[in-house]
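Data block below; observations after.
Chain IDs A, B, C and D follow the sequence of writing; residue 1 opens each chain.
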Amino acid sequence: MTIVQQAPLQTPSRTPTHHQASLIVHGRDRTGIVAAVGAVLGKHQANIVSLDQYSDDPLGGAFFQRTVFSLNNLKAALPQIDRDLKTALAKGFDLEYRLRDLSIPQRVAIFASKADHCLLDLLWRHRRGDLPVTIAMVISNHPDTADEVRAFGIPFFHVPSAGPDKSAAEAEHLRLLRGNVDFVVLARYMQILSGDFIARLGVPIINIHHSFLPAFIGAGPHAKAKERGVKLVGATAHYVTEDLDEGPIIEQDVVRVSHADSVVDLQRRGADVERAVLSRAVQWHSEDRVIRHHNHTIVFA
Amino acid sequence: MTIVQQAPLQTPSRTPTHHQASLIVHGRDRTGIVAAVGAVLGKHQANIVSLDQYSDDPLGGAFFQRTVFSLNNLKAALPQIDRDLKTALAKGFDLEYRLRDLSIPQRVAIFASKADHCLLDLLWRHRRGDLPVTIAMVISNHPDTADEVRAFGIPFFHVPSAGPDKSAAEAEHLRLLRGNVDFVVLARYMQILSGDFIARLGVPIINIHHSFLPAFIGAGPHAKAKERGVKLVGATAHYVTEDLDEGPIIEQDVVRVSHADSVVDLQRRGADVERAVLSRAVQWHSEDRVIRHHNHTIVFA
Amino acid sequence: MTIVQQAPLQTPSRTPTHHQASLIVHGRDRTGIVAAVGAVLGKHQANIVSLDQYSDDPLGGAFFQRTVFSLNNLKAALPQIDRDLKTALAKGFDLEYRLRDLSIPQRVAIFASKADHCLLDLLWRHRRGDLPVTIAMVISNHPDTADEVRAFGIPFFHVPSAGPDKSAAEAEHLRLLRGNVDFVVLARYMQILSGDFIARLGVPIINIHHSFLPAFIGAGPHAKAKERGVKLVGATAHYVTEDLDEGPIIEQDVVRVSHADSVVDLQRRGADVERAVLSRAVQWHSEDRVIRHHNHTIVFA
Amino acid sequence: MTIVQQAPLQTPSRTPTHHQASLIVHGRDRTGIVAAVGAVLGKHQANIVSLDQYSDDPLGGAFFQRTVFSLNNLKAALPQIDRDLKTALAKGFDLEYRLRDLSIPQRVAIFASKADHCLLDLLWRHRRGDLPVTIAMVISNHPDTADEVRAFGIPFFHVPSAGPDKSAAEAEHLRLLRGNVDFVVLARYMQILSGDFIARLGVPIINIHHSFLPAFIGAGPHAKAKERGVKLVGATAHYVTEDLDEGPIIEQDVVRVSHADSVVDLQRRGADVERAVLSRAVQWHSEDRVIRHHNHTIVFA
């Protein structure tokens, strides 16, 4: 366990996270976890702002806890809280924990291609102070959105994807990203990431994909959905794993469509729900509200 | 084309459909259809209550029109309107039409198994006058809901499904249904209908099935959905074709769930959305608002 | 604080609440509450199933906590847990708590008038085992639903409301209710309760009322909403206080309507959302998920 | 009736409106309207793309019809279609109509203040070709959004609102707007328009306001809503009349909130639904899908 150290916040967040920290505890459920964690926070006179806890089976199942607490001397106290948690949780528990100073925003890189709806929604929310992250950079395989991104004061890097061999592009991505970001968002980035890249990058990656009932695999999903007459189009935000589009789901939503909607209308409605779902997923991830467990997530939203 | 003749209404519908008829016109789009239909209705001094029209391509695509009109002497006038439409639409159009006296409700049989949530919702809506149908009978492979159904004054027939050979049960179904119903609703009926049965029955069949993003095939879909951590559970009402669960979709909806919902909770939330979606689909079908075209539907809701 | 004692469960709940208790702690926030509560539960080897906590201001604001825990010998242990909590929370905290054995369902009386949509939805959910309550009785100012209610095995009492003087009817209500129920649900009960009755009854009362944007006061709200062309109709479930329809909101929802919906259609759509909203509110209340604070609620749904 | 003439389209719309016109017919219902209109369009060999019709009472109530048709030689044919409609509808009907070449987008001015969420959403939808309008200008009483607006290639005018006397500012507004725009959108413009200004401007004005159940009048509505514990926040888009916030509703929607949402969170969620609702209302208005009637609207969405 380490206390994540990050670059200072670009824009002040409206949310009063000053002097606040989040603590995620996750592992095998056992009697006494709550008391043990509570004792450490109590000893340090931490004010608990919120606490959410869930156990998928109180008899030896998996345990998930998210605590947000505040302390006047938070920065000074965190290292000792960390040591005390380590000591307390070492005693017969099978748990991991993650402690984070919420006044230090997580650093994110956004990958995009030509479509700008998800990208812009994130940039707008960030500028407005609604997204507690530092957007370290935007990377795209197309130069189209460069001016727009830079107008927000965010660095833009154009890394073309030349043909089937992605190794050069991925090497460039790794040079830009490693050590600089805490997570990555694929905002309608239309390239597949290799398993090797995902492993070497070593930080969470959030992706958004369209969802339909029934599912339409392959190219032109909106045309297939139109042909099938679906009444809902949706979107799913999930963590990227090697299994494309099969990683743990963070958030989903749908909008209603009708026979009168053309394929272009379905794409447009789909874009609306994609940007909304991705923004919520990024918000929750950046506020440490999402815990991964096997192939699903616990979201304390 | 025939004017559908049906048994008189059991309970008075609150919707003022007295003296009203619906006209569905469906076929290849061509200039002049609207004028031709309008001329026939105008000649008979019909008051047009509502008119919805859609063309998937105005240059030779498919044309769909639903008109509801009222006439004081509707019953007397309908046969002549029918003849006039036949004459008018015979002139160079490639169209079918369906003319129906809305004061005569369609007759429906409901199939159910043990779960009663969809069945009860339909019976209750019917009793309060919200569903303009005559429920001719309920057929179930389990006797469990017999008392309840009969308390609504609706005939209940128990037709057990004995093993893999469904031919005896299906023969019994056909004896009960043929000539007696205009459509069939599968209200969580947990048996598969054979293609032969569907063909011999010859009336539309509406089914409801749970829907998930992603889809979970086979038994125990709620347990699989729980494992995968879906954030939405849904339902799809569709017309039954030989391809199980692949027929034209009439209606879909979802509800939000979270990691804190157990498998039982997912089933319960799923049941809520199933009964809502099925009831809407049955309502729209019974009001002649749904037009099938290839493998999708036009719903003038 | 008392451990609520109630009649045994009529129907087995599907939710595995065997050996489970809920603990609600509510009062002024102060450092150390979590540790103090955790220590008591830890001492008794309680398995914490879920824990939700919220503070509207960690520096001396209001504190709300809901814990569900399980214990093999729950019934035997509860009195001692109660004493230990009393001792622990007496030390300098300004808190109330409520401890309840979840295997003992709360007892509810449902008040109804002629409309049956909310009433039936509650009765159905209860019979299915989805609502962890004992429905002690249904009281109505109209005899219309008597047969239906009794078919569920629930006592039905007809208490007519004769004119403006409600004192005789309210006296009869109190005779039926006092000591027999833990809360009351007004399922579209079209009579106003006097402040005196509410005070003398002394248990929570949940009401459902239609909601519109904008609000339409007085008789015929659906007709006014139609005239005003609203695009949403809704419902609000709330606790009853002396200020009619102004008590703490438990749950709200809306459905979409259009210009094509008649006043009857608005009522029908409104009824659908009313029964859904009321059922959720009753479910959450009966699972001890709702905490009242000033004129609003904390809902750990 | 006049055929509206407007400036050419700035950006190509993705919607295939080439050679398409919309016809709105609105007035007293009478037998024969559909046939009369159909005959005119039929005579000109118009291909009817869609047709929606509604009557609030087929016996002498109000009649509403929207037809979209296509013609190869649309621009040449429109004047004659206009004359033919005038002739046909003059014969004993009490109707108004509005004929518009859909390839000529309506011209709109957007008013904004400091909040940019609604403004940016409109500018962005317009740039990607989803909003079939020409944005003639943005007017604001604050200079804050000038750079951003101009980056979209749209003229920005700063018209400060100096104190309670709005006459100078309104005179400036009229100078900028008259003859230049077909409608105006108030995208969170925090100034009240005088009745005199509205009358002299003479084009439709669309406004967005937050909506709550219950409603909270005056300043700080989100703080009041938080205090009252609402579970939904919403937004209403409506036409502006002299009665502030009381004009015909075009669109409404809500999002779910909880006790855990702070006042800032409510504002943020409210902003999300405001921009979505306003964008839909502007889209429908610009596609001639909205008909005003008394104090409500017919929306053929």
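Just so it is clear, a contact is a pair of C-beta atoms (placed from the backbone, for glycine too) under 8 Å apart; a residue touches a chain by one contact, two chains touch by 3 or more.
Keep in mind it's a predicted model, so treat the numbers as computed, not measured.
Colleague: Which of the two pairs, A-D or C-D, is linked by more C-beta contacts?
Modeller: Answer to which pair has more contacts is C-D.
Colleague: By residue number, over half of the contact pairs should agree; on that basis which option among B-C, B-D or C-D is the same interface as A-B?
Modeller: When the residue numbers line up for over half the pairs, the pair is C-D.
Colleague: Using CA atom averages as chain centres, what separation in Å is found between chain A and chain D?
Modeller: Spacing between the chain centres: roughly 37 Å.
Colleague: Indicate the whole-number Å distance between the mean C-alpha point of chain C and the mean C-alpha point of chain D.
Modeller: 42
Colleague: Identify all positions of chain D at which a residue touches two or more other chains, and write them in rising order.
Modeller: 50, 54, 260
Colleague: Could you list, by residue number, the parts of chain C that touch chain B in their complex?
Modeller: For chain C paired with chain B, touching residues are 14-15, 50, 116-117, 120, 124, 128, 130, 151, 260, 262, 264, 268, 272, 276.
Colleague: Give every residue of chain A touching chain B within the complex, in rising order.
Modeller: Those in contact with chain B are residues 54, 211-215, 227-232, 234, 236, 246, 248-254, 258-260, 294-299, 301.
Colleague: Could you please specify the touching residues of chain A with respect to chain C in the complex?
Modeller: 29, 31-35, 37-39, 41-42, 45-55, 58-59, 65, 69-70
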